[in-house]
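Naming follows writing order (A, B, C and D), and every chain is counted from residue 1.
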Amino acid sequence: MRYERPTTLQAASQLLAKEKGSAYVLAGGTDLLVRLRTGLIEPDLIVDIKRIASTRTVAKTATGFKIGAAVTGAELGENAALKKAWPGVVEAANLIGSKQVQGRATMTGNLCNASPAADSVPALVAAGAKVVIAGPKGKRTILVEQVPVSPGKTSLKKGEIIEAILLPKRPPRSGDAYLRFIPRTEMDIAVVGVGVSLTLDAKGLVKDARVSLGAVAPTVLLVPEAAKAIIGTKLDAKAMDALAAAASAACRPIDDKRGTKDYRIKVAGVLAKRAAKIALDRAGGKV
Amino acid sequence: MSSVHVSTTINGDPTDYVCDADETLLDVLRNRLGLTGAKEGCSTGDCGACSVTIDGRLTCSCLVLGAEVDGAKIGTIEGMANGEKLHPLQKKFIEHAALQCGICTPGFLIAAKSLLDHNPKPTETEVRFALAGNLCRCTGYDKIVRAVMDTAAELRRA
Amino acid sequence: MPLDNAESSTRKYKVVGTRPNRPDGVDKVTGRARFGADAVAPGQLVGLILRSPHAHAKIKSIDASKALKLAGVKAVVTKDDLPDKTDGDAGLYDVLVNVMAREKALYQGHAVAAVAATSAAIAKAALKLINVDYEILPHVTDVDEAMKPNAPLLYPKMITDGVDPKPKKPSNIVRRYEFGHGDVEAGFRQADIVIERSFKTEATHQGYIEPHACLANVGPDGQGELWVCTQGHFMVRDTCARLLGMDFSKLRVTASEIGGGFGGKTTVFIEPVALALSRKANRPVKVVMSREEVFKATGPTSSSSIDVKIGATKDGRIVAGDATLRYQGGAFAGSPVEFGAMTAFAQYDLDNVRAIGFDVVCNRPKQAAYRAPGAPMANFAVESVIEELAHKVGMEPIDFRIKNAAREGTHSSYGPIYGPIGLLPTLQKAREHPHFKAPLGKNQGRGMACGFWFNFGGQSCVSMNIGVDGTVSVTVGSPDIGGSRASMGLMTAEELGIPYEKVRTVIADTGTLGYNDVTDGSRTTFATGMACILAARDAIKKLCARAAQIWGIPEDAVTWENGHAKPAGANAGNHPPMSLKEIAAQAPSTGGPIAGHHEYSADGAGVSFATHICDSEVDPETGFTKILRYTVLQDAGKAVHPSYVEGQFQGGAVQGIGWALNEEYIYGKDGRLQNAGFLDYRIPVCSDLPMIDTVILEIPNPGHPYGVRGVGETSIVPPLAAVANSVSAAVGVRMTETPISPPKLLAALEKQSAMKKAAE
Amino acid sequence: MAKVIIWSSLKSHTGGESNLEIEAVNVKDLLARLGETYPGLQPQLKRGVSVSVDGIIFRDGWLTPLKSDSEVVLLPRMQGG
């Protein structure tokens, strides 16, 4: 196995493109090293992107935020502006693993690991986040939900690297939230995760909403029916029940060591309500 | 297996080593540098026994490649005491009987110090969540939390 | 013979009962302490073990030729390198088969071969080159399934023992146990209320944070050294020497600092293999288990299936208790079901009681002892029914327990008559405790349970050397797993009448001290501690003799008081008392070094009872249970170092809470363990828990000079039921399976509300 | 004659009797005589037992003397964690 530490995206992309064997990108490494250690993967090349300047910064841009691929959860948690604009996204990122893991883990890594239970992904999908991909043929930008295609698989082509995650600018009266269920209070993988992002109109009615679900299908789901259930409402009890029903209806979960189908379906609805309530409060709305 | 030359600073001391590309920082510390204070309890980042700091950030050394830390500043348990003077956390852990077998203790101390460096006045809940990445099977955590709270109080008085 | 220790209840202590710093404290907080994986030997090799991927398979052949050709590989061992030298000892033969599979792989993770190589990378590559030809056999991992007549058999010739008449058909049931007295059927006829329930508990692992590790070094001269993390290095020496055909005295075993054991390090797994590799390679070999290996191939505890039936009269007197317990102990005989059956009703004073136990094998790793082995599952079942029965009778559960509690003179459910025991005091203290009266909110409930463990003594050997500067070094052979060096120092200082700071306790290797039993059964503070006291008394005799010489008076005219030799009376002459230090200073000129020694087999350990109170809150929408408050009240006999007694109470309680809520072995249909890591084997983390309050009661054990009882194990017995009872009090459902994981609890809550709706 | 109480599932080896009378000077002697009188008990005795003499548990103290009216309870060999 070779370890490379390029300083430009082009160089990184070339290394990955040229490698005949199996090549992996290393950012935080909190998933990659576990797979390496447990023999799940035997890479021929590991490309560490942390020396590429543009992957290490969070920039406030005209269109919102640009979060470098190697920015750690701990760094996100220390970015006041980002926390103010996208508290749900930052909370989701900060839920990944322990304080130790937070010191290394990145949202981009969480996304590229392509686990349906990744905590930051539902929050990013609800936020309508995009990713900037650098590759041999230059750069392209796609929606976050277009990155994972199945457990462990992404739509990235050989030689492509995610440079950064783009979060849109926040309209006034907006709020987001992410909630997950785990059997303990820390250190677990989500059994169910729900992201909600919404914007209210002047009258306090939900004008815009995106609802996403994690760990209930092969990939993270965006659930338009759940959004429809609350758009145009004040999130009264009826709307909340409709939201829960739509969220539960969208689940296509499996029974596994972390939870049962029935459990995931039921709890998806419960968490959708709770997340929506937090998002509403953050948007300045009242139930 | 290609090997990598690394120049780093460990507990303030300039340190060079050569390691395999796929070798973890934990293996380098324990097997190449003889710093066995960091322990391997799981090798998956779930137990915190291998906790160290890299450029001031708390992390599991089992989740870091030895090759990654070139130019970085590493902090391990071996560097926690100042000469013959124990760090207040080390003293309080002994006084409060916050250890039984002691295998998790170095990791807890590194994590607790990192907490107090960032938050000198943590609540019990903050302490418990800050230490959630460190597993202890002997104590039920009670005396560990008390030792950390007591140290924080003492450091504030000082 | 146990001593007569009438003094223990009245004695005033100087250092025993204080809370000094432990002698190994600095080493442990500076990272200097050397644990199993921290040792290095010149030219050491890395040993790795190849393990069966199958739950049950015939091993048709093993071909290691390719591995042996790989540069850097120095040795490969299989069963052929560990021939059967067990000479009809069935228990030892099971150990042999468990450390290296023979005809069959009996569980996923069963060792089939091992390599020693110059690097971990080469050893890993070598494992891949070993070709094992398996014939996969049908498997069974559930205890009830394993008992069915058509179940796949692990041992096609095994006929259940203890059943009359002897069964004709073989089965996976090793043995049947029955304990009890009186006439259970007659008892139930007197009952006004009878409750009968069935329970299941999943296997849990001790979960020590330090994986098994050892460094073996055997030469062609048949002499060997072994550095190992274990609860008993003398046991390791004897077991390994017998399996490898070595002389006991030629194998010197040193106990490293041990990173937790809880019973899981009371046997051998990798040690004989490491020695065999070292002998074959003629190089030191270090073997360190991965966490995955620890879960798959070391001893978890048994999973169980239990039926309990208890009857009481209207006025709250229990008239009969009956239980049937089925424990699977993995692929070998020896689940702790007999202890489950013996302890199930041990906390009650019953005229009619019966407990039947079945020891069952299935395709899981060989169970190892885990803190009060066998007791927590039985206690979960019985204490759950007791709580329910109390409510049916219309009594407060605590009053119901007090009314029926075992006391001095009670004919225990496992046979003996109890001497002075501390159950009632823990119950009375519990009732007075502020926790018991604290208000509860919505979806919150309070539960309690009482628990019991026997404790025992066993063999200990202690040497005590007094330096000419008056300081004392105590040499013990019991690995210190939770601060026992401090307790040994305290008891030695107390007996000699010198300050704790003047005593240092060290743990000897097997070459420098007589045999010591494993640190288990809560025996060390009791048995090795008593050996320290008796060694000190031996040293005192010699100190007095030296003083007598110096004074020129007969030895029997000298007594020992507060660390000083004194003339026994006026007619012994008028000599100023001489301190230990003064006598020690003159040792070289009065006959040489002064030492105390004691070796014995300690008996008369006192049983220990506890009462636990648990408050929990349940989220009725997710089934999540949060422990709000927890209090442990336990009889310690005498707390030598109260901080470490509290630590034992707290640690055991939290292991029990984990068992109750989230810890479990999860097997797939393929018989493979699905959660062999700390991510999905969920032991409690710091943020899951409140502080664990403790109340130490001291009802002296007549079998110990200071009244000490073992305290290490009882604390894990009551939590399963205490938590389940609190959940039931919070949301009204009775959970009869552990773990009470959120999906299980939510399903039970939905069933309950559906039944309510149906009723309306 | 010491009174010996065995656990119920051993009764099949003692003609259904769980309370036995054995003449013995100490525990070692008692276990030997138990084995001679009831050969069916041998396997369990070989596997290992503990005994309780007048309420005190002995795992290894085989030379413990017995009084003529001692009550000895046979128990499986104690283990612990």
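Here is the rule we use: a residue touches a chain if its C-beta (ideal position, glycine included) is under 8 Å from a C-beta of that chain, and two chains touch if they have at least 3 such contacts.
In this text, all values refer to a predicted model and were calculated from it rather than measured experimentally.
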More contacts between chains, A-B or B-C: B-C
Centroid spacing, where centroids are CA-atom means, of chain B and chain D in whole angstrom: 54
Approximate Å spacing (C-alpha centroids) for the pair chain A, chain B: 29
Centroid distance [mean C-alpha coordinates] between chain C and chain A, Å: 44
Sites on chain C at which at least two other chains make contact: 206, 261-262, 678-679, 684-685, 687
Shared interface positions of chain B, touching two or more other chains: 1, 20, 43-44, 46, 129, 132-134
Multi-chain contact residues (two or more partners), chain A: 38, 185-187
Chain pairs that touch, as defined at the top of this document: A-B, A-C, B-C, C-D
Parts of chain B lying in touch with chain A, wherever the complex brings them together: 1-2, 4, 20-22, 24, 43-46, 48, 51, 54, 57-60, 62-65, 67-68, 70, 111, 114-115, 129-130, 132-134
Residues of chain C that touch chain B when the two form their complex: 19, 21-22, 24-35, 37-38, 40, 121, 206-211, 257-262, 288, 290-291, 481-483, 641, 643-644, 646-647, 650-651, 653-655, 677-679, 683-687, 689, 691-692
Residues of chain A defined as touching chain B within the complex: 1-3, 5, 26, 29-30, 33-34, 36-38, 43, 46, 48, 50, 72, 74, 97-101, 103-104, 185-187
Interface residues, chain C side, partner chain D - complex: 1-2, 90-91, 161-164, 176-180, 206, 261-264, 266, 336, 338-339, 342, 354, 356, 369-373, 414-419, 453-459, 520-523, 601, 603-605, 703, 710, 712-713
Chain C contact footprint on chain B (complex, rising order): 1, 20, 30, 34-44, 46-47, 49, 76-78, 80-81, 86, 90, 93-97, 99-106, 109, 124-125, 127-129, 131-146
